[in-house]
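Heads up, the thing below is written out as structure tokens.
Chains here go by letter, A, B, C, D, E, F, G and H, matching the order in which they are written, and residues are numbered from 1 within each.
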Amino acid sequence: MAELIPTIIAKYNYWIYITLMMIGLYAMIAKNNLVKKIVGMNIFQTAIILYYVSIGVKKGATIPISTGGHGAVHEAVHAADYLNPLPHVLMLTAIVVGVATLGVALALCLRIYSRYNTLEEDEILAQIRKK
Amino acid sequence: METITSIKPLLAVLVSLLVTPMLVSSRNPNVREGWTFVAAFIKLAIVASMVPAILQGTEIVYTVAEVLPGVAIKFKVDAFGMLFALVSSTLWIVTTIYSIGYMRGLHEHSQTRYFCFFAIALSATIGVAFSANLLTLYLFYEMLSFATYPLVAHHQDQEARSSGRKYLLYIVGASIALVLPAMLICYNLTGTLEFSKQGIFTGTESHATMLVLLLMLVLGFAKAGIMPFHSWLPAAMVAPTPVSALLHAVAVVKVGAFSVLRVLTGVFGIDLLARLNLGTVICYLAAFTVITASLIALSQDGLKRRLAFSTIGQLSYIVLGVALLSPKGVIGGMTHIAMHAFGKITLFFCAGAIFVATGKKNISEMVGIGRRMPVTMVAFFIGSLSVIGLPPTGGFFSKWYLVQGTLQADQWPMLVVLLSSSLLNAAYFFPIVYKAFFCTPEEAMFENRVEEAPIWCVVPLVITAAGTIALFFYPSLFLKLAELAM
Amino acid sequence: MDNIFLYSSLYLAFLMVLSLYRAIVGPSVLDRMIGVNAIGSKTTVMLILIGLLYQRVDMFVDICLAYAMLNFIAVLAASRYFHKRKGLSDEI
Amino acid sequence: MKIIGLIITIITGAFLVYAAADFPAWADPNSPASTYLSPYFIENSMKDTSVPNFVTSLLADYRGFDTMFETTVIFTAGLVCFILLRISGGKEPETSHYRHVLTGVTVTLKKGHKIPESEDFERIDDLWTPPDLIIKTGCRLMIPFIQLFGLYVIAHGHSSPGGGFQGGVILGASIILLAISHDLRTALEKMREKVVAILCPIGVSIYAGTGALCLLLGVNFLDYSALASVLHVDPIAARSHGIFMVEIGVGIAVMTTMIWIYNNISSAGKYNQGL
Amino acid sequence: MFWQIDLAILTLVVVTAVASLMVKDLLGAAILFGAYSFLMCLLWSIMGAVDVAFTEASVGAGVSSVFFVAAVFRTSRRTKD
Amino acid sequence: MHTNEEKNLHHNQPEPAQTARSPLCFFPLLITFIMMFGLWLLLSGKFDPFHLSLGVISCALVAFLSSDLLFPSPILKGKLTVFLRWLCYLPWLTIELFKANLHVAYLVFHPRMMDLIDPRIIKFKSTLDSELGLVTFANSITLTPGTITVNVSLDGDFKVHAIDRASGDPLPGEMEIKIAKVFRKV
Amino acid sequence: MDILVCILLFSGLFFLTAGSIGILRFPDFYSRLHPAGKLDTLGTLLALLGLALFNLQHFSLGALLTSLKIMLIIIFVFVASPTATHAIVDAGVRAGLAPWTKGEKRR
Amino acid sequence: MSQQYPALLVIVPLLSAFAISIAGWVNKRLCFPIIVTALSVVVYASIGLLLTVLEKGVVIYHLGGWPPPVGIAYYVDHLNGLVLVVVASVALLNVIAAKKSIEQEFPDKAGPFYTLYILMVTGLLGIVVTGDAFNLYVLLEIAALTGYGLLAMGEERAPLSSLNYLYMGTIGACFYLLGVGYLYIVTGSLNMVDIARLLPPLYQSRAVLAAFIICMVGVWLKMAFFPLHSWLPNAYTHATSAASSLIAPLVTKVMVYVMIRLILTIFTPEFAFATLALNNIVVWLAVIAIVMGAILALAERNLKKMLTFIVVAEIGYMVGGAWLGNRAGMTGAILHIVNDALMTLCVFLVVGNIVYKVKGYAFENLQGLFRKMPFTMGAFVVGAMSIIGVPPTCGFFSKWYLIVGALQAGHYGFMAALIFSSLVSVVLFFRIFEICYYEPFSDHHGHDQPPEPMDEAPLTMVVPLLIVAVILILVGLYTGDIVNHIIKFAIPEGLV
């Protein structure tokens, strides 16, 4: 138990990301409303983004923008001074993908609503079954 | 043994396949059947042209494509295959003539479809005959199964369709469920599927494995009709008679028997079977089928059904002959393919001719029919003699060799089986002939006026009946081929 | 000075909790909107504070500016909802 | 379903927790992620591309290919929304409403009647409500500044956070703001549907075209250094300019897509009335 | 990275996430989701991911909650869970 | 509201065609451009030719796109004066804002807050006529003690929500006068 | 200088606190808008002002521009906040929410 | 130019997608020529690439001129060279065949449809060709998003099934992304080859284990592997025929490719099969997938839905084959990617033709089709034979390898499942043949029944279909060459 606590503290970001992700996953599985599922999906995606951004964090480093100006190569840049930019780049892409998915999902919801006049999954299924 | 590479086997297979587009596209029935004849004759010519080379003991080989490591789609013409190919391509011509008479006589529908699948079935049959390995054999075997399905279900009514389903279920089900895995196991064990005289197994495999494999392969070729995989055959008799004739007396069932023989001789090898004493199992299986089928045949009233059960019994002769593992027995089994084919096809032709002329299907309705259709019934008599195995018909030779085989193998029970089954054969054929000719005028159901079936129906059955008798006098070609195959 | 900023940010986070309470509990959607709006204004300050903590405020100020510009779009959209769909609860 | 969801969630979560125990500690400067590849980017970004914002150089140059597809994803989303929702034409409604701009008088016309083409009348729809004066004026004054800021973000992606994507979103948001505060019709007058639909692929094409230009100049796809011969600068500056061109493409694509998606979703594809 | 703020905001994020899923009104869920985006933006700027934070600020504040509201406007606010 | 067809056609009398592209039209563009460029300089902080040219392009773009939002009518006469006066109004507003906030903060922290507040809605009519004036007034009301503008119509009808009696009473009062001064005709 | 910054920052925080508590304590939606609309605006304004001043400590052109940008933020907040407040209250009116009057239960 | 093939492969369809999109607003008739030209170029490039690979070995293409692991690189080896050709040619054949049905089903949105179509092809080609784990994710999303759009354009239930697909697909893609993140946190690299180089010392790490499992689960979700398959049948059934005949053959197959790539390249067979003892479980899952797919297909009275369940079963084949953990099984799985893509294309094109002419695909609609559309049904027979696994159609040979693999691994359950599914396929397809052929039937000998007039689908639909049917047989006959010259090199030596 004694050595467990430092582990827990040292990685709390990871624990939180897992929590968030599970919240999203649970919402996607268990929620009945289609838009709620989309909210869950977004939370799920953000959790992964959180995970990636957590990878990029480095103690004692500043944001990944060079303090030197634009253009000239004045001084040597020390890698240890800057955060890891790679996860940030990846996550920009992931956010964009998230927005794109969101748009498409909402468009689908609109189509579904115009057909069934409800967004509750069980009601839609009941309507389908009745036919 | 010499081998020649030649494209002829492939051509022989493809001829009837290539003619199908012509069949489909021709609008005029005469043109269509003309194409069928052309194909039939070309096929016979190609097959016959290979006979001299085979008789000299060479083999003709052609590889199409190597599809799997060590296994190719490959044709090999040897004596045994040649025997079978010769029989089927000869009988195709006859059957074509007969079909024309039958189909036109009854104004059947969908004749184009019929002739197409007929042609495809023939291709597959020749393919089976010439295949050089188990995979090629399996390929054409399946092709045959699927090509005959539309023929079986030709009438399209409820009964035909359910029989078709039954047919397909038995044949394809057995081949996929038993042959395919067995083949794969063989491949996995040995790395090859090529037929050879010595068999492909090294002999180090366990006895149990071999037994299982053997049973899977023998039973899996359900077209051979070995019990308990026989019940498709009587069901398939709903098909038009020429189909029953060619396919259920010649092509389909013989393909089954041929495949079993190929497996026994080419995959396992006689020596290995003898060493592991596996022949006996097959023997008893076949013997059981022979007796049971004959007994059932006795009780059948439908002519075609009786013939069907007779076929089941006769097929098992073939298997039995090879399973005796004695040289004479093997020769007997192989020649029986040819002899039985000629005899049985005559019988079926007769049944069809009766149906065309009178519309009767059951034996009990045929009292006195000999007076009306003497030619047909004489041919029927000759055919039944051949099937029973009495001179002066070709069937005598094969049965003779079979009996000798049992003696050679010291299998006395089998001798008893053979003889008793011959008696049974006689018991279910002769009453028909007897009632057809010798009955009191009161009993006769037909007028005493000769009114045969159409000429297109009668000519073929006369030819085959004549062939049956001719085989008694000139059996040398088939005997030679069978000996070469040993 | 850094400590002051750090603790101010922490304090802001605490204030967010208070606003969040309204956003979560708020009996009507409009109360939630108030709560969220309040969180937004605190976020603006906090972003600058973080920039100062990183000593790169020139970088964070852009984010903050964008944030201040766009923050109220969602609120406007939600209020437009009530313009066109009258009634607090939806027609069922 | 709730129980199943809970079970799946708990199992997955437990598995992830189990796996996360082997991670390097959070914010560890010696973790492989921080020591293997990232030093290269940090140390060479300035040398290779002369872009101080490592994220930008990484985004648009080292991993420019990813970003190209990211833009394509956005374009795809816009297109999918369009294809799913847009109802072109549709049947003429029973009644149509017109509003006299100067007096605010609303006129209702029966089907088939038309009003003479005039700038005094604008077509409105049955859900139409007059835009609120305060919101309208406030947004009217803010929108140009938001747009300028969006452009600024695109232009200064090299040296400060931001870039094509963020700037594009801000630009798009400004038009969306216009649609919210005024009317969808007003926004559509600024950005017609056809303009949006054509600008969007053009934006992505600028990106892909820059890459293809490099390919035509004889080097690999997206290797901006080849642009040096076209722009008459040294390869390093050429990379920087290449990144800039790419960012413009991204900006255009993202802006138009955001507008496109909003237009389609808020009007359910009919384009007659927005949020 | 400043772990104190980080931890505080992380907690808030989780609470907001749960809340936006529990709210029995889709418009409310959309608005709370907006708050979730704000907090995420903060979180990322705390972790030093400025570009990500910028994107989240513009997307979360400007676009995605508007999309949600627009979709809810076109459909229905009603939800059973 | 819903008049018949005949009547509405009546509205559409052929008016004297406006000079479609009078030289005045370029002034809004120009002024927008200048404002934008100033803002650009502030934002950019880089004064090399490259960034400046980018700024020029961007500002031109914004001016082209949105100048009609900033200046709905092309008449600019007196706008500058109004703007300067408006700036002078701001400090006063800030002080008011302070007072207001202290008031509300007092309310917030008062233990018996519930007794102190007495929300009500006040209606009055303002004499202001310019759009911007109304908006400024409305926003000022919102920012000053205890009052929030609920609704404004173009005619100047105000609805204001006041938190207590004290904050609601002085309206429209001094503030309106000051704003009217700002937006009076030049 | 630091002291001035601190005073501004803390007064800003004070107003923000008041705003948050006000949101919690006030009885209904309309009255909650008062702290939300006003206190938060002023709090943000003051805090940002303080931070802008702090940023000017090491004076340079960049720092000046940054501070000006912060001022720009203040202006935006100044414009946006009343607009947003108005939007919310307008929504409340359109939704038909009756204002709380003295003596009712808090909502 | 030949060294630029890998780039062309993706760039040409991408740029033409934008061109089509613009052309859709300018002149709609331009769309179709552009897409056909672009796809032809892609087919040409992919074949050229495959030949180059056969001649010179692995082709590596550095995007942006940055060498991996710094930049993104394309690796084309024997495995993806083969899959590339399949993807490109399937897409080309399908677009030609689909033209008429697109014009029939949504004439006003043909332009956007083509754009989505070619974007999807771009995504799939990119997935196949890329050597970067994260790039794969982005491309995955492109393929997925276009897929959602294409699938949702169908009948009235399509949006709902498409939305379900979206949920599942997003979870899948996110799981994959998370797996990549796990790899990144322990190795610091994103390049597949580089990760494979860095991984061996970390084989015991729990993070790597988790990464592997998460990636696998994600990919399984996307390919609709058994317990996660629930979205697939509805999504594919309700889609338009043009879309389903693109997506059904390609998407799941490409996902299987991704799985194989994960096993073979990133994690290496030693880790996947030796360090982890999951083989058995997965193969049993595959067995259940096959059996369930077959049984569920049996219960359907609707041609298209039945085919989708067959797709589910086929996925079981491939996953099971890949996880048998031996050479033969892997060969079978890779071969089955090719074969299954072609045969699924064949049957779905048939469905497309039927829908075009008959406007329905329930069993009742199929009566008398053999007379009405003989060529279409002829091709259907070939496709069906291939699915059943009848030689010499190609389906037999992949099944052969799979069973050999099962035998070598001693996994008789898998073998039994394969055979069972073949048997069920026989029942399935012959049931349909019966309906198409013999119904409406008459109990008398039906000579006077007037034959229905022939009403074949237009030539542009039939010709590609017949080409596919011929390809099915040709691929079957040349299986040996494909295996010996391509697949043999695609599997690393380490796998016995």
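Operating definition for what follows: contacts are C-beta pairs under 8 Å (C-beta built on N, C-alpha and C of every residue); 3 or more make two chains touch, one makes a residue touch a chain.
Everything quoted here is computed from the prediction, not taken from an experiment.
K.L.:
In the touch network of chains, how many steps separate subunit B from subunit H on the shortest route?
P.N.:
Step count on the best path from subunit B to subunit H: 1.
K.L.:
What shortest step count links subunit C and subunit G in the network of chain contacts?
P.N.:
Contact-graph shortest path, subunit C to subunit G, evaluates to 1.
K.L.:
Across the interfaces D-G and D-H, which one involves more C-beta pairs in contact?
P.N.:
Most C-beta pairs in contact, of the two: D-H.
K.L.:
At what distance in angstrom does the C-alpha mean of subunit F lie from that of subunit B?
P.N.:
From the centre of subunit B to the centre of subunit F is 101 Å.
K.L.:
Quick one: subunit F and subunit G, Cα centre-to-centre, how many Å?
P.N.:
19
K.L.:
Could you work out how far the Cα centre of subunit A sits from that of subunit G, in whole Å?
P.N.:
That pair's centroid distance is 30 Å.
K.L.:
Taking the mean of the C-alpha atoms as each chain's centre, how many Å separate subunit A from subunit E?
P.N.:
Each chain's C-alpha centroid was found; their separation is 11 Å.
K.L.:
Which subunit C residues sit where two or more other chains touch them?
P.N.:
33, 35, 54, 58-59, 62-63, 65-66, 69-71, 73, 76-81, 83-84
K.L.:
If you look at subunit A, which of its residues touch at least two other chains?
P.N.:
12-13, 19, 21, 25, 32, 54-59, 61-65, 70, 86-90, 92-93, 96-97, 99-101, 103-104, 106, 108-111 - these are the residues of subunit A that touch more than one other chain.
K.L.:
Two or more other chains in contact with one residue: find those residues in subunit E.
P.N.:
1, 30, 48, 50-51, 53-55, 58-59, 62-63, 66-67, 69-74, 76, 78
K.L.:
With touch defined as at the start, can you tell me which subunit G residues reach subunit C in the complex?
P.N.:
Listed in rising order, the residues are 2, 6, 9, 12-13, 16-17, 19-21, 23-24, 29, 32-33, 36, 40-41, 43-44, 47-48, 51, 54-55, 62-63, 65-66, 69-70, 72-73, 76-77, 80-81, 83-85, 87-88, 90-92, 94-97, 107.
K.L.:
Which subunit H residues qualify as touching subunit B in the complex?
P.N.:
Residues of subunit H touching subunit B: 374, 385, 388-392, 397, 400-401, 403-404, 407-408, 415, 419, 422-423, 426-427, 430, 434, 437-438, 441-443, 445-447, 449, 476-481, 483-484.
K.L.:
Once bound in the complex, which stretches of subunit D touch subunit A?
P.N.:
Interface residues on subunit D, with respect to subunit A: 1-2, 4-6, 8-10, 12-13, 16-17, 20-21, 23, 25-29, 31, 33-34, 37-39, 41-43, 45-47, 50-55, 58-59, 63, 66-67, 70-71, 73-74, 76-78, 80-81, 84-85, 158-161, 165, 254, 261, 264-265, 268-269.
K.L.:
Flag every residue of subunit C that touches subunit E in the complex, lowest number first.
P.N.:
Residues in contact with subunit E: 6, 9-10, 13-14, 16-17, 20, 23-24, 29, 32-33, 35-36, 39-40, 43, 46-47, 50-51, 53-54, 59-60, 62-63, 66-67, 70-71, 73-74, 77-78, 80-81, 84-85, 89-92.
K.L.:
Would you mind writing out the residues of subunit D in touch with subunit E in their complex?
P.N.:
Those residues of subunit D that touch subunit E are 27, 53, 55-56, 59, 153, 161-163, 165-166, 169-170, 172-173, 176, 180, 258, 261-262, 265-268, 274-275.
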